[in-house]
Every structure is written in structure tokens, then in C-alpha cells.
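In what follows, structures are represented as C-alpha cells.
After this come two complexes, each holding chain A, first together with chain B and then together with chain C.
After this line comes the complex of A and B, so read on.
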């Protein structure tokens, strides 16, 4: 992005006729978008900010009344909320960490030249393209006790004694861990493709120079690959954190427990109990957290652009 | 670390050596990182990790249920019975309705998003006007916000119907009926979320088209709009196609809005149908996986065939999912 219009409103008033014409055309082209986004994005989200300060229960027929910060106070005192936060944090850290590590090595592999590279690059897109819900269904089936794939394979490999038949999804830690594995399977290819794009701009001559200096595999990775790839890695991690923090759909397959994620809990308050005030407040807590991440991300993008 | 990984002497670029196979296997070419032996170990692990669950899903969908319940992975008597039951059984009508809704929702969402977004993207990429950068970053922020931020007020909007008119004047041309449990409602919700992302992605592609071409077009007597339709849009077609694919895939995959806004066959989409499967057919895994395979085939096939566009889009736009 090139830098323009940093002067903002003041320079807008001092535009040449040609610039005015351009601005008018731009507004005309943007008008449908602005209209739709104001209508269906901006004004609803502001509306929900307003509701978050009200007691607004849709189903019990009670009056809508202003309660100030009561919704927020209640949420922060709810054990459920903190449990869901903890689970979301666990899911986010575990999945993004594993996806970064696995994605990094997959990208290194697929960046080399070898016979059949197109095939290997092609197959990794299958998990990413699968429906999230089908991915959940598939892993749920794999985790079935007794006859699911995981148990059968472990039995056949002799890693699990034939008479032991564990139930994989019993408590919430196990549910979070196994749901994370499903997510890691699906989203590692995404990480791989992002990092692969970053690797392609890395100059191979750097490796040759390192070999001259007697550097081995790990030294090359540590001193060349990682520093060179850092901007792409940071962008990929931020995008994945944004994606993982909102997790909802895959969890619904494994569990009916709404405290498995903040989004799940919010959804439950909104569409099971129809406590719209409280759900709005909870949604805004997530929104603010994500907005902070977005601001960091945008600053990074701006910085990267200035460097170029 | 392990000795084989280290390369002390600069190796020449490997040209399928006949002699010294062993040292070649463990030595990487000077401009590469991983020696062939470890490369292929890695690739085998990668393929196992990627394909095993998917192949297992396919195998399950062609297994009879008694074999599944006895823990057999490779079916003895493969059968398409599960697929037959999916399309003719008691839930066939519901599944077909969901498939139809999924197609309608993703096609309409994509058309609407591209048609509206392409103009906005052009303006943001090619015309200088005040607050342009700010608008772009606002668009990016909208693209990254989660659905949960918007789902509550949007539910109420769908419940009450939407006014279409001139804002701040009280003039209303048209008031839609309630949009809950309709395809139109989902299209509105998905377009809201796709539009910022599509504009961001397409603006990125438009910016790559050189100024010289545009200027040549002005000299030929084309105006701004003429240049847009004759030069910029045709040249950016791969980018627009990539955007369309992403929009379609994300509409196909979306679950949260679909599960909140739809209840019946009139509008529920495949992800909702799959979620219901899990409740309804608790141990009929053959049928469920068959349903899952059919629902996943379109996005998987599209992604494999249009791989180039997908990868280009992923690296250009920082697509969120």
C-alpha cells in the first residue's frame, strides 16, 4: 500500500478539480459497499455494544432496562467464563504452536526440489479444504472407544494391550486436546502454504555461504531460515491466533459443554437462553481482545510496508 | 546433532549419482537444506499424517456397519450401500435439501460479493482519495473480526427484517420480511463477512497491475470506467477468480450463522445437516461418513483443481481461515 492522504480531512478540502472528480468517482464506486457494511456490519455491532449495557432477555418477557456495567461485572465473576477462557487459551496456544512447528518443517520439505513435488504439495490441501464439521465428525469417529481408528491402530501396533479400551473423550482436558489435534490436522496445511510462500523469497545462496562456513542443518535453520522467515511467521501466527481464538464449530462435534470456548459460551447465552444483553457483553469482550490483536497486526503490516 | 545431517564439505548440485550413493543420500546439495534421505522420511511422514485420516474416512464410508463395529479398518466386502442409503433413506430428503441450500447460498453469496466488491476494490486500489489507507485498514479489521461479534445483533436484524432505504432520512423503499430460516438471510450474513475480505484481496491484485497500462488506456481515449472494464478487470481475472473461490469455500464451510439462523430444510446448509447427523444416527458411522464425504467433495475437488489460485490467494491476502 502506498501512503496517501495522511493529511486526512484538511487536505480533502484543498483538492484540485481533477482530484475532486476522482474522489467523487471513488465514493460512487464505494457507495454500495459502504451502504451494505453500514447496514449489516457497523450499525449492528454498535447496537450490540449498546445492548451489552442493558438487561435484555428475549424469551422471558421481562422489560429491557439499563444496567450499566452489570453484565460485564457478572461475566467477570462467573466461574464458567474463566473456565471457557482457560480452555480457549489452551486450544489457541496448543494448536497454533503445533501448527507453526509442523507447518515450518512441512514448508521446508516442500520447498526443496524433488521428483513428485507437485503431488505432495497438492495433497496437503485436502485437510484444509474439508468441511470443518466433517473434519470434526471424522475425528470423532477416529476417537470412538472400541472400534474407532485410534484404538484399532494402537491395538494392532501393540501399543495398547488388547484388553484395554480407553474412552478418549471423558473430561474437558481430553476433549480440548483431541479437538486440538483435529484442528491441527486441518490447519497445518494453511500454515505450511503461508510459510512456503515466505520461503520462496529466501535466497538459496545464503545456504551456500553457510555451508562454506561449515554450518550443519540446525545451524542453517537457526541462523538463516528462521531470521529470514520471521516476518512471514509472525503474520501467519497472528492470523492463526485470530482464527483459533474464535473456535466454535469443531467443538460442537465433540462436546455439549459450552465452557469449552468463549465463543461457545457466548453462543449458548445468546441462542439457548436468549440473554441478549449478557451475550452481547461477552461478545464484546472477545471483540476487544481481537481488536487489540488486529491493531498489532495492522501496525506490523504498516511497518513491513515502510521497510520495503 | 546427528552426524548424517551435517554437511562439512560443499557438495556439488546432485545429478543422480551412480557412485557414493550413501554419502549423497545423507548430504544435501549446497543450496538446499535437507539431505535426500531425511527429505523422503519427512515426506512419508507428511503423507501419512495428511492422508491417513482422510483415507480412513473414505474407507469407513464404503464399509458395512457390522465390519465397522468389529473394528475393521480395511473393509472385506466393500459396499456403496451407505451412499445408497444417504440418497434414498429416511433422511435423504433432508440431506438433499441441505445440499441444495448450500449450493444456493454459496453461489449467491459469491456473485453478490464479487459484483459489489470489485468496484470498491478498484476504487481503493487505483483511485487516490482522502482516507484511502484508513478505509483499507478498516476493511482489513472488519475482515478479521469473528462472527461471534456480530451474531447477536444480526440475529435480531434477521428476526425483524431489514429496511432498505436512505439512511438518516427515514425514507424506506422496502422492508424485507423476517429472514430467519431463509436462504436470503444466510446470503446477507455471509456477504457481510465476505465483502471486506474480498475487497481486501481484490484490491491487492488490482495494485499489481502496472500504471503504464492504465495510462496507455487513457491515451487511447478510455475514461476511468473504460480502463477499469477493459484493462484492469481482465488483467486481474486470476485474482478475482481466487477471491470467488475463497468466498465460495468459506460460505460452504460456515457453521455458526447457519446453526443460529436456520432450523428447517428450507434453509439449513450441509454443515448443519452434518451436525444433526451426529445427534440422530449415533452409531451409524457408515452413513455419517458417507454424508461427510459427499459434503466435502466439492471443496476438496475445487481446491485440488484450482490449487494455483488458492495458493496465490493465501499468500496475497492473508486469508483468515
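After this line comes the complex of A and C, so read on.
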């Protein structure tokens, strides 16, 4: 390996004049993109890391000063931060779990042959295609006490007594649960599509062999579908976990409570209170959590590839 | 083993890289707008010879012909487009080109702060809500106009509109429109319940509410979603019950005796009497207005501008049934309401400050304030206009005197630099009391302690 690498590098130095010219042209053409990426992507990341070690309150006229790890310490001692982490974890586990179960069920259904299959495959995308805020506003209307859809349906089904008129969004647990339901409705199609693509790539011969061995529906699901679909499931779950962990916009429709998610809290500290130092530290802490998730994802993928 | 070594090596390299980056990177710099102003204000009219400095703030030079070549950009809330049309009169009258960047209220704060953060001089003038005055002045986003606008001009404004654009006696903006919350009631629903007049005190309000709540309809609805709209109602209520948000030494106090009484009263209405539509905990002002127009609630507290819609049959089921007046008081307090007046400020980063000042002079004069009421129904900031025949004539609903009366009882929210954070804490705790998760006293004590901690952490 080492020899090849060295040999490759060595031969790269002995390029023909034409190859040198091509390489230089390629670099020249890449430079604008590299510059834009550095300015818009790399530079803000580094800048936020630097800011996280400073007291940098933009809007109160106070001086900027180096404070070391004080911002990180303050955040770890902040009750609000841990409440927001707990709420984010609850939202992530609840939504991704439900979306995986429902998405798997829908994918199995849409993988069967039946009349109108293409139509159903098409319309299932609608909730996912909807703007997150529009989806939030729609569900906010459903959750209105009195004449909101949820209360009316529960009254009609007799599950709520006629004189009962509950207010659905009165504390952060309720807000998280009802916001999760809105998110599940919107994001299940995404999970369905990813799993459906995985299902279509499965070898039908496996099912035929299983049927000949006398396997029933559940045995086929348990011993063939789920193990074969595992790579697609891992990708789908990890992508959704990353998305759910960063939840922000849908929550703003239901409440102005920033402790409902760590992204909401970070946004508030950065762009409403303008404590840029503390907000940067908070953003870095959540980034580290996400990085841990990514490492787990890579390891799981690797393990899966090794098994194959 | 090999993988483990690889990961460790990668981690060490990444850490070293980060340490080098952080160590070698320069400290964050204060934005350009935080630098001291290039030119100082002059309201006295002292002039010196030579060409006029177009970036100065000199009231005496606003008629300079050199201004005719200037172009200024104003960021303002205008969702209908009618304000932009009206503002073009400024260009017609002065020759200064005015570009209007219209936006909605919810995007306003973000647009202003994004412009300030990026040191952009895109906007010369911005609409400023009363609660941002301290933040914008302390953060050096806007020019201090205290010594720029002459005293005789300032004395012509209504007291509530002028105080709402001030922080620590400094003028952050020119008053733009007057606003407080008002008391609206459905005359038919009150009459059906046996009342000919609205309540004058909160005690009367409570008694009347019990009779008015029947048949799926509630006596009142409120904007008590955990948001700024809840703080607005709470501020008015606190002052009604004799409370205040400031101690004698001027420091912030959210758990005064009056504040606890006010919150106890609000909690009693919604949790014990159940005379308030429970959806109020999920409503902001627009939702309350919709419920009032649908005839689902008999009384509400809301901003001006309800009348065009409340008497429009396509939008309302209570045409000609609504009236407006003073919010109730309690004890020796006749009435109290939160102020929502706004101003227009000059950005520190503006490169056309003299032309911007010329706009402010025009905007705060009769030339704009009168048509802004007669054509758009927005209440003027000039005291004299409330007796103006044209304004009186345009007041088709005959409500201007009633609206004006409430302005006398306007109370500002504590608009210090940290207000946005304090307001979030306060609305969260007040909401907990209203939702029955905490007692009113406990909620306000917790709010006080959290606000204290926030102030300490910001230092």
C-alpha cells in the first residue's frame, strides 16, 4: 500500500506539460468555489469557535472580553439548557421511532401489487412536500380548544365529555407531544420513500425460498425483510435523527417557549438576545452531540458492510 | 488496534488544529455601527460656513438644496402597500428620493439586526417598536436624537408616543404612531345580559363576566399564548392593580404586590370563574379579534384598528354591535393599558443621515400624520391633530376621542437592553400560573429570580 501511494505521488510530480496545464486550469476553475466555501462555510465555523471563548454581547454596549471556558461552564450549569436537551431528546426518540414504524408499514403496503398503487405512491409525498410552517399552522388550528379539529373529533367519538374543553398546549410536555405528532405526519412519507426504495432492491428469490421452507408472513418480515432492509433503515434513521435533533421551525408555531428545543434556545441566545459568545458555545455543544451520532452511524454502516 | 490508533491520531490532529485556529484568530471586533458617531447632533441651529455635511445630524440644514440629490432607504412594516404609496409624497415635496423596503412585523427585528450585524448601510431608517429602544441605543444600532430634534418639536408630541421611543431619557427614534390596547365590548351581548354600560373596574368586570358566560359563549377572550402578547396584557393589568415594574430606585421589579394581585386576578378568571375562553392560552391578538368578530366573546382588550373589520359584514357577525372605551381600573386607578407606539430611527451605519433626518421631520409633521390617519386609520403622534377638523371628519366611527382617552393611561414596558430576554422569562412564568402549573406568587418570584440571574450573567 505504502509503495503504491509513494509511487503515485512521485509519478504525479512527473506530469507532462499538458497534464500540468490541465491541473492548473482545474485548480483555477475550482478557486472561486473554494473561496466561497471558505468564506461561507469554513470561516463562520471557525469564527463561532473563537466567539465561544469570549463574552460577546452585541446589543448591551458591554466590552468584548476573553473568558476562556466560562461560556461552556455557564451552559452546563444552565437549567434551561438541560430542559431543552431533554425536550429535544424526547422529540427525537418519539418522532423517529414513530416515523420508522409507520414508514416501514406504509413501505410494505406500497410495495404490494394493488390497483391505484402509483396514485398512492404519488399522494403520500404531499405532507412531506408541504412547508414546515404551513404544516405547523394547520396542526395549530387542529389543536385549538373549542372548535379545533381534535376537540371536535374527540367530542363526536364520545371520547371527551360534552362539557369538557381541554387546552392542548399548556405545558412543554404537551407542546412537545403535539408538535411531534405534527412532525410525524409530515415526515413519515420521507421514511416511507427511503424504505420503499430499499424494499424494491430486495431479491425476490429469498422470499420464494422462504415460502418453500414454509415461512409465513411474519417470519418473512422478521428473517428476510428486516435484516435485508437494515442498511436502508440505518440511513433513514440517522438522517431523521440528525434532522429531528435540530428541530426549530415547527415548534415556533406552537409556542414561544425556547426550552422546547436546543436549536430554538441557541437561536434565541444568538439572534434575539445577541449573546453571541454563549450562543456559539451552545451551538458547539450541540454540534458535538451530533458528531457523536455521526460517529455511531459510520461505525454501524461499517459493521453492516463487514457483515455483508 | 490500528483503527483505534487512527481515531486517536485524528482526534489529536483535530484538537491541535482547533487550538492553533482559536489561538491565532483575532478576537471578535465590535461592529462598525458600535463606533462613536462620525458627526454630532445639532438641534440649536448653529451653522458654520462651507459645504453641508450630508452625513451630519443638523436640524438647521434640512432645507439645504444639496439634499435633493440624496437617496434614502426606509425599512417599515407595510403589508398592504398603502403606506408605501403615501410615503411617496415625501419625495414629491422634498426632492429626496425615498426607497421603501416593506416587510411584515414578524420579520422586522431580524432584518434590522441582520443589517446591523453585517455592518450593512442598506437601511438608513428603520421602524422601531417601543420595546427595542434600550437594545438599539445600547447596542449602538441607532443614532441618539436627544440633542438633534429641537425641544419645541418634541413638546408637540403626545406624551405616550414620545415616552415610548425613549430609553433612559434618550430619544432613540422619532415618534411614528400612537398606540395602546383598548377595551372593546359587544353592546348587544351586554344588553342581553342586562347591562347598559361596560365595566369601569375589574371587580365589575368579574361580576359581569359570570352573567355573560353562557350557551357556549364566553365573557371575554385574551391573547395569553406564551408570547409577547401575554406580557402586553399583563403589563396593563399590573398597573391597573396599582403595581409597577420598577422599584423606587428605578431597578426592575416583576413580583411587586400589585403584580401578584394582577396575576391572581387573571388566574381566577380563567381557572376558577371559567369566564374566559380557554383557547385564550393559545391565542394572540389576531385570534382574539377573530373570536370577537365571530360573536364568540363579549369583551376583549386589543389594539386600535378593529373598527373597519368589526363593521364589515364580510368579516364580522357583529356589525354595528361593538363599541370601544377605557380599559377598567381598580381602586384609585381609573385605567391602565400597555403602550404599543412605535418610532422611526436613523441607523448608525447610514451614509445619508441628513436626508434621513429630513424624512423624520416630514414624517412627524402634519404633512404625513394627517393623511396617515384619514387614509389609513393610524393614530397621530401630534397632540394638535386630535382637534384637527379634517381628522375629526375622517373619524367615521366617532371613536377618536375614546381612543385618545386611553392614550392618557398608557404604560410602557421596561425597554432596557435586556428586555427581550426578560420578556421571555416573564411570559413563560406568567403562562405557568395561568395554566395552573404554579401559584401566581411562586411564578412571579421565580421570574424575578431568573431575570436577576440573566442580568448577572450578561455582565
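Heads up, the rule we're going with is that the second predicted complex is superposed on the first by the 265 of 308 C-alpha atoms of A that agree within 3 Å, B and C clash if a C-alpha of one lies under 4 Å from a C-alpha of the other, contacts with A are read in each partner's own complex, and residues count from 1 in each chain.
The working rule: a residue touches a chain if its C-beta (ideal position, glycine included) is under 8 Å from a C-beta of that chain, and two chains touch if they have at least 3 such contacts.
Computed from a prediction, not measured in an experiment: that's the story for all the values here.
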Fit or clash between chain C and chain B when superposed on chain A: clash
Of chain C and chain B, partner touching more chain A residues: B
Chain B versus chain C as contact partner of A:93, first or second or both or neither: neither
Touched partner set for A:230, first chain B, second chain C, both or neither: neither
Which superposed partner A:101 touches (first chain B, second chain C, both, neither): neither
Which superposed partner A:276 touches (first chain B, second chain C, both, neither): both
Contacts of A:74 with chain B and chain C, given as first, second, both or neither: second
Which superposed partner A:170 touches (first chain B, second chain C, both, neither): second
Which of chain B and chain C A:51 touches, first, second, both or neither: both
First (chain B), second (chain C), both or neither touched by A:64: second
Contacts of A:143 with chain B and chain C, given as first, second, both or neither: second
Footprint overlap on chain A, where chain B in one structure and chain C in the other make contact: 47, 51, 140, 144, 146, 271, 276
Interfacial residue positions of chain C with respect to chain A in the complex: 18, 21-22, 25-31, 34, 109-110, 113, 117, 135-136, 138-141, 225-228, 277-279, 281-282, 417-418, 420-421, 424, 427-428, 432, 435-437, 457-459
Complex contacts: residues of chain A adjacent to chain C: 46-47, 49-51, 53-54, 56-62, 64, 66, 74, 140, 143-146, 148, 165-171, 255-259, 268, 271-276, 278
Chain A partner contacts - residues on chain B that touch it in the complex: 1, 5-8, 10-11, 28, 30-36, 39, 42-43, 46-47, 49-51, 53-54, 56-57, 60, 68-73, 116-117, 119-120, 122-124, 127-137, 140-142, 144-157, 162, 167, 188-189, 191-192, 195-196, 199, 207, 224, 249, 252-253, 255-256, 259-260, 270-271, 274-275, 277-278, 285, 288-289, 292-293, 295-296, 299-300, 302-304, 307, 310-311, 314-315, 318-321
Residues of chain A touching chain B in the complex: 1, 3-9, 11-12, 15, 19, 22-23, 25-27, 29-30, 32-33, 35-41, 44-45, 47-48, 51, 105-106, 108-109, 111-114, 120-134, 137-142, 144, 146-147, 149, 151-153, 155, 185, 189-190, 193-194, 196-197, 204-205, 207-208, 211-212, 214, 216-218, 220-221, 225, 235, 239, 242-243, 245-246, 248-249, 252-253, 262-263, 266-267, 270-271, 276, 279-280, 283-284, 286-287, 290-291, 293-294, 297-298, 301
